[in-house]
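Below you will find the structure I want to go over with you.
Going by the order they are written in, the chains are A, B, C and D; count residues from 1 in each one.
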Amino acid sequence: MNTSVKIAGVEFKNPVTTASGTFGSGMEYSQFVDLSRLGAVTTKGVALTPWQGNPTIRVTEVYGGMLNAIGLQNPGIDVFCERDIPFLKKYDTKIIVNVCGKTVEEYVGVVEKLSEQPVDMLEINVSCPNVKEGAIAFGQDAKALENITKEIKKVAKQPVIMKLSPNVTKIADMARAAKAAGADAISLINTITGMKIDINRKTFVLANKTGGMSGPAIKPVAVRMVYECAQAVKIPIIGMGGISCAEDAIEFILAGATMVAVGAANFSNPFATVEVIDGIEEYMKRQNVTDINELIGAVR
Amino acid sequence: MQICEEAKLIETNKLSDGIFEMYIKTRVASLAKPGQFVMVYPKDSATLLPRPISICEVSDGELRLVYRVQGKGTKEFSLYKEGEMVKILGPLGNGFPVEEGKGKRSILIGGGIGVPPILELAKALKGEDVTILAGYRNSDMFLDEDFKKQAPLEVATEDGSVGVKGNVMDVIREKNLKCDVIFACGPMPMLRAIKKYAEENGVTAYISLEERMACGVGACLGCVCKTTHKDSHSHVNNARVCTEGPVFEASEVEI
Amino acid sequence: MNTSVKIAGVEFKNPVTTASGTFGSGMEYSQFVDLSRLGAVTTKGVALTPWQGNPTIRVTEVYGGMLNAIGLQNPGIDVFCERDIPFLKKYDTKIIVNVCGKTVEEYVGVVEKLSEQPVDMLEINVSCPNVKEGAIAFGQDAKALENITKEIKKVAKQPVIMKLSPNVTKIADMARAAKAAGADAISLINTITGMKIDINRKTFVLANKTGGMSGPAIKPVAVRMVYECAQAVKIPIIGMGGISCAEDAIEFILAGATMVAVGAANFSNPFATVEVIDGIEEYMKRQNVTDINELIGAVR
Amino acid sequence: MQICEEAKLIETNKLSDGIFEMYIKTRVASLAKPGQFVMVYPKDSATLLPRPISICEVSDGELRLVYRVQGKGTKEFSLYKEGEMVKILGPLGNGFPVEEGKGKRSILIGGGIGVPPILELAKALKGEDVTILAGYRNSDMFLDEDFKKQAPLEVATEDGSVGVKGNVMDVIREKNLKCDVIFACGPMPMLRAIKKYAEENGVTAYISLEERMACGVGACLGCVCKTTHKDSHSHVNNARVCTEGPVFEASEVEI
């Protein structure tokens, strides 16, 4: 049975990675999950310099999911290269580094610093709804997305995944823009912007007012968008949004995702990633599928 | 080491109005220290985040958790029956620095639903020069009998029905309590008052903070608090309550 | 205690109505709910001629919600005027008629036919994701929305509510377009487009492939959008999306909604509307609020 | 009249592999007719839509429901304990036209999980010229003993372990059964075969259809099926299975 997939020449032992920001750099979950079992670890967004992130309350629960407004707190690329990459290199897994920034120059700066690092792919987060400057602005305008993708592709030594925002009218247009600018792959969906109000205290629950929604509640939207992108462009897709079991992951794969990422589910079940991997294999056995690549985009 | 497992609920009781306890048999017990906490995962599938609950007492491979019914998750917990399996993750966080209480005069302060973790700490400091100070709303107290077995107990109640009328700081003032070190858990205003008191009186205070959490293990960066020093994760003076905390030296944190 | 609210001169005894398409014309639920208790009944979308709707499967459950792709099956405006309006007139409640169409002319045609009818308001559905022509196309483009709103306002004798689609990049732009064209109010959100794949049969669950997502799962997105619109335009808002209890309704009101609509919750609880009304009153008592209008948009 | 209420689960049993029954005490019982159904509301809050389940039997203010564990909702039902409260809505739909079976030769056909509603119908037609025909996968049958008390029972099993090997149509052919009217509930291929048989043999057939439902009361228009005549709601030949059905005269529907 083959569960390995390939994106832009990089081979992953299985199609399961972690959703950026929900798994740190793997360290915290390494006591529950053998990181070498994962197709890849996708790390928390990293910027050129350390970022403070937003004030708390940063996370809250909603029906069937959660909102977060972390605001991309991170130690900056230098600490990351010194500490997190060497840690991850100890495992037999691929490394996808999620990159954030406030300006095109910042993104490019991080990508340059990563160009000499032993990481396998870059995922460019142009879709974080929780920071004021940059981020989502690039992900909600096809022109801006095309431009930043081009600039990044100029300096990137590793294949580039553009991570799309679901907070758009036509996700397929964004996929087309990313592809036109030379993106090697796209990943989606980032969180959907949401809000929760505390009716007793008559105020927003999150200090940032709005937060990004994730978890099972957003899955139908994510599957739909993966499908729309798969129909629109012929570049590999990493699908995510509410995946908490193998059945969820397979939905994304059938809709057109080459890989899938497990996000908020790690919080409700630290073993979620491995259970998804095992479950995919069981499904393939049950369905007599010998190569996972047969399933990718099989529903049209 | 941390463990995530389905653990068996051995016993459950209502302690006072809205306050419940559960005893659970779990491998976490043998690892737990005072001031650490566990995550308890609700079963209802619309309720996805685990709930942080302090370790109140450890004994015989069992954890005792004492909690207030607050919202959906704790409501669900309060309906559990003996024999039920409960998913937990722990022990989490750093816990109280017990050694800092050795050979010194300590006051252990618990306020409201911050009272439970004080019990295991009092047990760890048994025999030392310890006063326990617990603040309740009214005479509907909980854990007070347990405390008395460990050390002298002073009580504050908001309505004055038991002990000193007012809050825990009023007790310290009225009874003129003296100490070298304070260990505390409770609502933010209480912790702020303790931080101030500690600064003004040259006392070291260890306070246990609360923050909204998603992962509990340091991965999501949801639960930070402002610190005066660089935090170990992001180096931006934002320590993770679940990992670098929940207990901080009061002078280290901006609250 | 005052629970009555006013929109464009129409007074509602309380701020609770039904979400179009989830309550028929009230007939089916009238054995569970005294329709006279409702602030208004908002009826299922009605077109100029009878519409067949989509093939089945038309509804399916998703985590914390459902998808529907009814495709606006309806008997056409003539049967509606003969049968449904007289039925509703027997109750002491306001009538909001939801209007759909494939072309501007069709919408205008329905609105004209309604102009002599004893109904209180019109809600124009330019946001149904489940029909190929018209509908959502008007709701995803600010220019198109402005144009259709203007045409409808020319002939409408009753105040006009434009019902917005959440499947857009910037909902506030749509609110501004509706207002600029003379809409008396806006309502939101319609369903979010989603998809469910049956991994055993390897096909879409819904015959229409995609469907509109509703239910508690979409509430945080809906509250956020209501808030954004309330900040952007000063016209009354009817908020909806996942309301199943009074607490949910109050979130919308605090975020800026003058009225709220109960949708999919009717399916999980036929008494939902009345329970929401009762619960709002209890909340007002608890919070010592004497006039519901104090709560509208109180969180900023 | 229809009722939506919390009803008490009196008894629950496993009948065969994956097949369960529940008896619930409810005011719906006094209103129910054969072929009608109820909505049962799962409790898990991620599972929001009610599940349509046919009325299998009515007696003493109780409803008997027999169901197969299919997905999340029916799985949850199968774990209910006696004494538990279950929210239901009913009776829903038109039911079988019992009077059409009076004074005529009827065959009552149930296939797979379509078997249950046939029981209450058989009771209503007791004493008439009735044959019951039930199709199962294998010898792991259910309700067969109940049927035998009402009328002669013929069985088809897919594996031939009991009765005729094959499906219910094979029984009709092999046993050369004759009738004036058929009442049937079961999988779509079976209903299609019955519709065809009825047309070819000048027999009237009443078939009970299944469709995905959200409201169960005719409001959402989710559950339609194509009809040859104008439906009463939208006049577009799309009748609502929950309201105009689930039982239709076979010649009226396109299946």
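Following the convention adopted for this analysis, a residue touches a chain if its C-beta (ideal position, glycine included) is under 8 Å from a C-beta of that chain, and two chains touch if they have at least 3 such contacts.
Treat the numbers as computed from the prediction; the structure is a model and nothing was measured.
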Longest centre-to-centre distance from subunit B, chain (CA-based): D
Separation of mean Cα positions, subunit D and subunit B [Å, integer]: 56
Centroid distance [mean C-alpha coordinates] between subunit D and subunit C, Å: 35
Distance from subunit C to subunit A - Cα centre to Cα centre, in angstrom: 34
Sites on subunit A at which at least two other chains make contact: 63-65, 216
In subunit B, residues with contacts to at least two other chains: 45-47
Graph class of chain-chain contacts, one of line, ring, star, complete, other: complete
Complex contacts: residues of subunit B adjacent to subunit C: 45-46
Touching residues on subunit A, where the partner in the complex is subunit B: 21-24, 27-29, 31-32, 44, 50-53, 56-61, 63-66, 68, 70, 73-76, 79, 215-216, 264, 266-271
Interface residues, subunit B side, partner subunit A - complex: 1-2, 4, 41, 45-50, 89, 211-225, 233-238, 243
Residues on subunit C engaged by subunit A in the complex (per definition of touch): 62-65, 67, 140, 167-170, 192-197, 199-200, 202-204, 209-210, 213, 216-221, 223-224, 227, 242, 247, 250-251, 254-255, 283, 287, 298-299
Complex contact set, residues of subunit A against subunit D: 63-64, 216
